[in-house]
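Per-chain residue numbering starts at 1, and chain names A, B, C, D, E, F, G and H are given in the order in which the chains are listed.
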Amino acid sequence: MSSLFVHDTDRARRIGLPEAILCASKTVDQLAAVLNALLAEGSRALLTRLTPEQHAALSDDLRRRLHYDPISRTAFLGPVAPPSGPPRVALVTGGTGDQRVAEEAARTLAFHGEAVERHYDVGVAGLWRVLRRREALARFPVVIVCAGMEGALFSVLAGLVPGLVVAVPVSAGYGIAEGGRAALSSALASCAPGVAVVNIDNGYGAACVALRALRIATFR
Amino acid sequence: MSSLFVHDTDRARRIGLPEAILCASKTVDQLAAVLNALLAEGSRALLTRLTPEQHAALSDDLRRRLHYDPISRTAFLGPVAPPSGPPRVALVTGGTGDQRVAEEAARTLAFHGEAVERHYDVGVAGLWRVLRRREALARFPVVIVCAGMEGALFSVLAGLVPGLVVAVPVSAGYGIAEGGRAALSSALASCAPGVAVVNIDNGYGAACVALRALRIATFR
Amino acid sequence: MSSLFVHDTDRARRIGLPEAILCASKTVDQLAAVLNALLAEGSRALLTRLTPEQHAALSDDLRRRLHYDPISRTAFLGPVAPPSGPPRVALVTGGTGDQRVAEEAARTLAFHGEAVERHYDVGVAGLWRVLRRREALARFPVVIVCAGMEGALFSVLAGLVPGLVVAVPVSAGYGIAEGGRAALSSALASCAPGVAVVNIDNGYGAACVALRALRIATFR
Amino acid sequence: MSSLFVHDTDRARRIGLPEAILCASKTVDQLAAVLNALLAEGSRALLTRLTPEQHAALSDDLRRRLHYDPISRTAFLGPVAPPSGPPRVALVTGGTGDQRVAEEAARTLAFHGEAVERHYDVGVAGLWRVLRRREALARFPVVIVCAGMEGALFSVLAGLVPGLVVAVPVSAGYGIAEGGRAALSSALASCAPGVAVVNIDNGYGAACVALRALRIATFR
Amino acid sequence: MSSLFVHDTDRARRIGLPEAILCASKTVDQLAAVLNALLAEGSRALLTRLTPEQHAALSDDLRRRLHYDPISRTAFLGPVAPPSGPPRVALVTGGTGDQRVAEEAARTLAFHGEAVERHYDVGVAGLWRVLRRREALARFPVVIVCAGMEGALFSVLAGLVPGLVVAVPVSAGYGIAEGGRAALSSALASCAPGVAVVNIDNGYGAACVALRALRIATFR
Amino acid sequence: MSSLFVHDTDRARRIGLPEAILCASKTVDQLAAVLNALLAEGSRALLTRLTPEQHAALSDDLRRRLHYDPISRTAFLGPVAPPSGPPRVALVTGGTGDQRVAEEAARTLAFHGEAVERHYDVGVAGLWRVLRRREALARFPVVIVCAGMEGALFSVLAGLVPGLVVAVPVSAGYGIAEGGRAALSSALASCAPGVAVVNIDNGYGAACVALRALRIATFR
Amino acid sequence: MSSLFVHDTDRARRIGLPEAILCASKTVDQLAAVLNALLAEGSRALLTRLTPEQHAALSDDLRRRLHYDPISRTAFLGPVAPPSGPPRVALVTGGTGDQRVAEEAARTLAFHGEAVERHYDVGVAGLWRVLRRREALARFPVVIVCAGMEGALFSVLAGLVPGLVVAVPVSAGYGIAEGGRAALSSALASCAPGVAVVNIDNGYGAACVALRALRIATFR
Amino acid sequence: MSSLFVHDTDRARRIGLPEAILCASKTVDQLAAVLNALLAEGSRALLTRLTPEQHAALSDDLRRRLHYDPISRTAFLGPVAPPSGPPRVALVTGGTGDQRVAEEAARTLAFHGEAVERHYDVGVAGLWRVLRRREALARFPVVIVCAGMEGALFSVLAGLVPGLVVAVPVSAGYGIAEGGRAALSSALASCAPGVAVVNIDNGYGAACVALRALRIATFR
């Protein structure tokens, strides 16, 4: 089995982000093989989209080595150090259904030593919820925004704060908004300048954009 | 030719809105035939989507009988009375490209005796432009909002004002927003309650929604 | 948990519609937290898209405080007064599958003190079913129409009655009509003037459009 | 050039419909080659989607041999006999923009010796226009309906008449109805039983469906 | 409940086809109410898309009154006479997965007294399977073709037989063919003249097209 | 300018196909710069999608060095040797509109020394046109099929011949077939095994597939 | 039942590939009937998309005659000879989720006597994994590439190796990549020349393209 | 006119980016009004999507005050200082057709005082063109990548360099790639972690993402 998994061991050196393990389309056997290979290498790793069912089906031994969070469906293999400083990333959500995606971003950032500050449930229909946080949010170099339905929150925030705004469309909604497509097109078509967009539900990817950006001061 | 055009002469009695003439797919010969039939009946009419080229190709006599506006591409056949009272409809646009659609609504309302108040170019990226008008807009029973790109303006306004909000997605934008689809899905998927949506670029339809609603007090 | 839920307590004052609780993407824990926060505030609330499974999973105490209707999947938290007058909204459906959506509108209106008159199962294939109700429907200031499949009912009704016609496309149908997209495009592209459209299956939104419109007489 | 054109000379014997020449994607040289090949064979033919520009670019000699109609963009090569009996096909359109498509059907039927009766401009927004023709239309074995926008006319008619209803969606409309997609999905999703649908703008195809059906009595 | 169901009792007189009961989106309670209403009227009826689960959930009494076929998911309420003559409709399928749809057509025809002749599993990849049946199929006034995947069978058959070809795209296939969309567009875009298309999986609709067409000889 | 063009000079050595110059989105200045760079290198090259307008706008000197074919919109820069043997590729088209795409394939093959045999205008509606060529086509190791509309020809041919069938969907058609999408989905969803598909209108790509496949005997 | 299954017994002679049995939309009864028919004919066969549940539901006797592989969901009926020579096809995958599709290709090739060499889990994000295999892969006449998500691997490989590259988009991914559509469009739009594309998840089809191509040397 | 244009004069203070003027949907009169308003305010501004035709139609006086670049279709109103330091942004393109979009990014950055380093025409089909620049590109904090067709370049680069990768899908391509949709979905579905995506052809937006990110070191 192990020849079917080729770990990109060099990735952290190359781009500063170790390979994460996307569990979504893996069988339990494949997952176990990957985890054992990582353990044999002594690598730590972030696992994403690990369902409670997949997690429960792993051996006791493997489960003991994972730090699993069922809301974000992520797990840490190996030790994770506490954040080295105050939060540099704000996490904003429009509604309750966006939290699982925001938490995926939070866990990815935690795995890389970054703390976050949460500003949850501040949808545009009650604009004061955003406006009263404007000054707080304007102090963050990176603001990750998770929103489903029509995704108006992306434009509102990008017009209010100077930091890098990373938009994560969320697959919450029905009818025309089903699957997150309406929120995705809102993020891409935003009238506010400089919104960085990632795939629907991709909290992990948004965190990686943040990590690449936060590292900018270290260049040259 | 005239047997090819069947005027719905009863429509005003039935639903309170006389039939308008959509000129978009008509040849100049067809247009002339329709206008002559209306003149023979003594009907007044609103013409929509009448291009400058179509207008210019009509006979001098017909052109003299039309009150044409090239921005909204509408024309009035027959007399139009001045509005009977102060504006009951506010017209809001997000950007300059939305004005032609908003003006189609304004002309349709004018044809039916309703004045409008314009609040143009108040896109969400500079939110203060909307917020400073909030009190003014909250006094209107109907607010028609025309916006292209991501259409965040629909949700922002519907969360701020108590009147009937009619959303007109506009085919301004490119890439994912081409043809107005992104704005349309934002309008339909809005997290703010009670947004009434019409087809892309349908300023005429938005005005008709307003006219039906403004008439509500006359029932029973 | 409670910091994850920010109630828009000001919404009723601002737009005349208190915030409703969309239960679709909430876990049972999140739902309980929201309900407890509302109870602590002494707020009454409308819950939408509350599945029987979600409802059953709530504590006995919370369930006792809810007035749940499994067809519309709505619940009332707190007292609901009887309607203050005769029905001002007619509810029309094309087929049996549209009733759950119409009932969501009815319950939303009831929560706000408005009665409805139901005209159900009057699909266009048997046109007499609509025509014999024409006079009755023409007396209503607002007519909410719920229809799936091809949604021809929207245009037929909007051509017959003078009230505000609110179209709710319903996700009933298969093949090209799957998910309600055919009905949605029919509603938006209607040849009848002044159809106000809401998202697929959005009975709640249609009721909110009606409530905004019915309030028009109170302006100025 | 002629080897690039392979006339299906056997088609009339096989399926009762000789091959028609679709001119849409042909260069003028290709058209001339096809026409000369048909003349050499002594075949008569129907040409469809022949633009005025293509027609004008043909040689005088070829143009003289064609009976061209610019509205339907069809031409007859060779003699066409007058219809052998009273009309068996009714042609119904919703609006003025649908006439070019209906006329393509009329010309195709004329080429095959079938007369039509036209019922034009009877859109659903003014339902009486359809209803007063109901008895007339109910006498036809085949009713071809051409409609753009939301295509509600298909369902209304199919619920009223017993003949074979052939629906031709028309690419008239804008926004969500652009290109005829809304009308196409209405035709396919109709709640009225037994609507036979052809491609958008395919008046020729609708006529061929009618011709196949009218021939049914000759089987066995 | 019964006021929620309005039977179109006049439909058979009007268009020659009694109203069928589409069970897909009905609850068991709604189904029972409809069936009891029909029994009270003394109407016979065809039920379509009645799942085995729905059927099993009906009362014993109602189940006894239905003649149910699990493959086509149809049921007859009331007596069905044997066909009055030899088959006038040929039923052709491309693959095994198309049979359930073809059987829905067969049952609908049987309910109306028409017999069918089945030519199943004759996909285009083995063209001889179609070609050897060409003469047999050419004798039928109506040929109903059910095919999924790429739907090439529609064009092949419509080029070979003179009868009315009714194409039923089937939701068999995966990837680009998922849900029957590829087969649907093939049917509509066919290069063979005069293919009558119905919605995906709509065997019932195809049978109704056939019934309308077969009745043509009775006009005038 | 030249630093804006980086010729992949190594491509022929690497994959056996020199880089072709896609002219579609290049300005005349960019084209001239590319051609001069190639001339300076002494490279020969194939140019694709070179419109007559672009070609005419080049300098006389550059035009003299190109062997241009306006039907396929291709040009050769530098000498092209005659084919080294009999045709190994058959080119099949469904209709006249497919020829421009087929000729792009023919020219690409000619540039690489491969002759073709043309079998044009053999659409499925007249199946005998294909069937009488079956034996001829079965002798070819590669059969390139160009078809628009519903693309049934792909499946018919792939079920009849043993060679590699390369399907090129063509953007001929209207309505549901507009832009070649119907033909593309037919090619991909074909019920015949082993159809190799390329992008819509990509005659060049089909020829490259053929060239890669014809070279197979030279491996090992 | 058996008349409902028409085996294309002549296919192997005609195109060199015997008919495979696609089990996806077959009931267990239909499957058993097909298998018994094949056994009665003495035919060997390849079964694809046979789920573990379908397999388990077959009779013991039938199950004993099948060589089933649950990963690829394929089964062999009848004997399969070992490959006659060294591998001529390389199988490349981007991630773990692509293996089931690659294995369907491997099994199809094995059924026809061709061995494969696997190069799994070499996604583009860690490009060295592909580059270090470049020389090995460049020696293969055919390279089948299975990739989901954005499918960048198709272009990278087709730019590196001279063999026939067959791209199989895989339905792994979420959001915009759901169902494999993003990978499919990448494969078709590839900037590398000569990528042969098959339907999403169609490992069987890719193997058939390979088999047709590998046979090229035997022509003439 | 001027009341129709509401300049967001506060934007630079708020988010660090002054409002840019999107000229795409403005008439020449509207453009002149906007420019005159800006001149009256003494504001400098960046104009985007200003076509040569629009530019030529402005008055000589206004044209003299603009620094126009026809390739990027941008103009500067007012003085632009030279860049204050060495380039911090690398601009990468896949093909010649992507340059106009990359130049829009370059001009936007220049307007804000940032220099760029261009790495043009390094498409994935000739991978060495990217690989030989890997070390150079790895030194940049921000890498903007513009690519059309299948957009494989986004993933390749994001797997090789540690900086922030901003992907701009370009509307170059045909068939399935038309309008840039294939490149857009590749960017969003990338298997490489942390790709920040903007709308199709939105070079301006990509530059704004870069400007927000480059400013990160100035927070706190």
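In the analysis below, contacts are C-beta pairs under 8 Å (C-beta built on N, C-alpha and C of every residue); 3 or more make two chains touch, one makes a residue touch a chain.
What you see is a predicted model; the values in this text were computed from it and never measured.
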Computing the C-alpha centre of each chain, which chain sits at the greatest distance from subunit A? D
Looking at C-alpha means, what's the farthest chain from subunit F? C
Could you put a whole-Å number on the gap between the CA centroids of subunit B and subunit G? 56
Subunit D to subunit G: how many Å between their CA centres? 44
Can you check how far apart subunit C and subunit E are, centre to centre, with Cα atoms defining each centre and the answer in Å? 35
For subunit F and subunit G, what's the span in angstrom between their mean Cα positions? 26
Of all residues in subunit E, which are in touch with two or more distinct other chains? 11, 95, 123, 125-126, 158-160, 175-177, 184, 188-189, 192-193, 199-200
Per the touch criterion, the pairs are A-B, A-C, A-G, A-H, B-C, B-D, B-H, C-D, C-E, D-E, D-F, E-F, E-G, F-G, F-H, G-H
Per the touch rule above, subunit F residues touching subunit D in the complex are 95-97, 99, 118, 120-123, 125-126, 128-129, 148, 172, 174-178
Which of the residues in subunit A come into contact with subunit G in the complex? 3-6, 8, 10-11, 19, 22, 24-26, 30, 34, 169, 171, 179-180, 184, 199-202
What residues of subunit D sit close enough to touch subunit E in their complex? 11, 14-17, 20, 88, 139-142, 158-166, 184, 188-189, 192-200, 204-205, 207-209, 211-217, 219-220
Contact residues on subunit F for subunit E in the complex? 94-95, 123-127, 149-152, 154-156, 158-160, 173, 175-177, 181-193
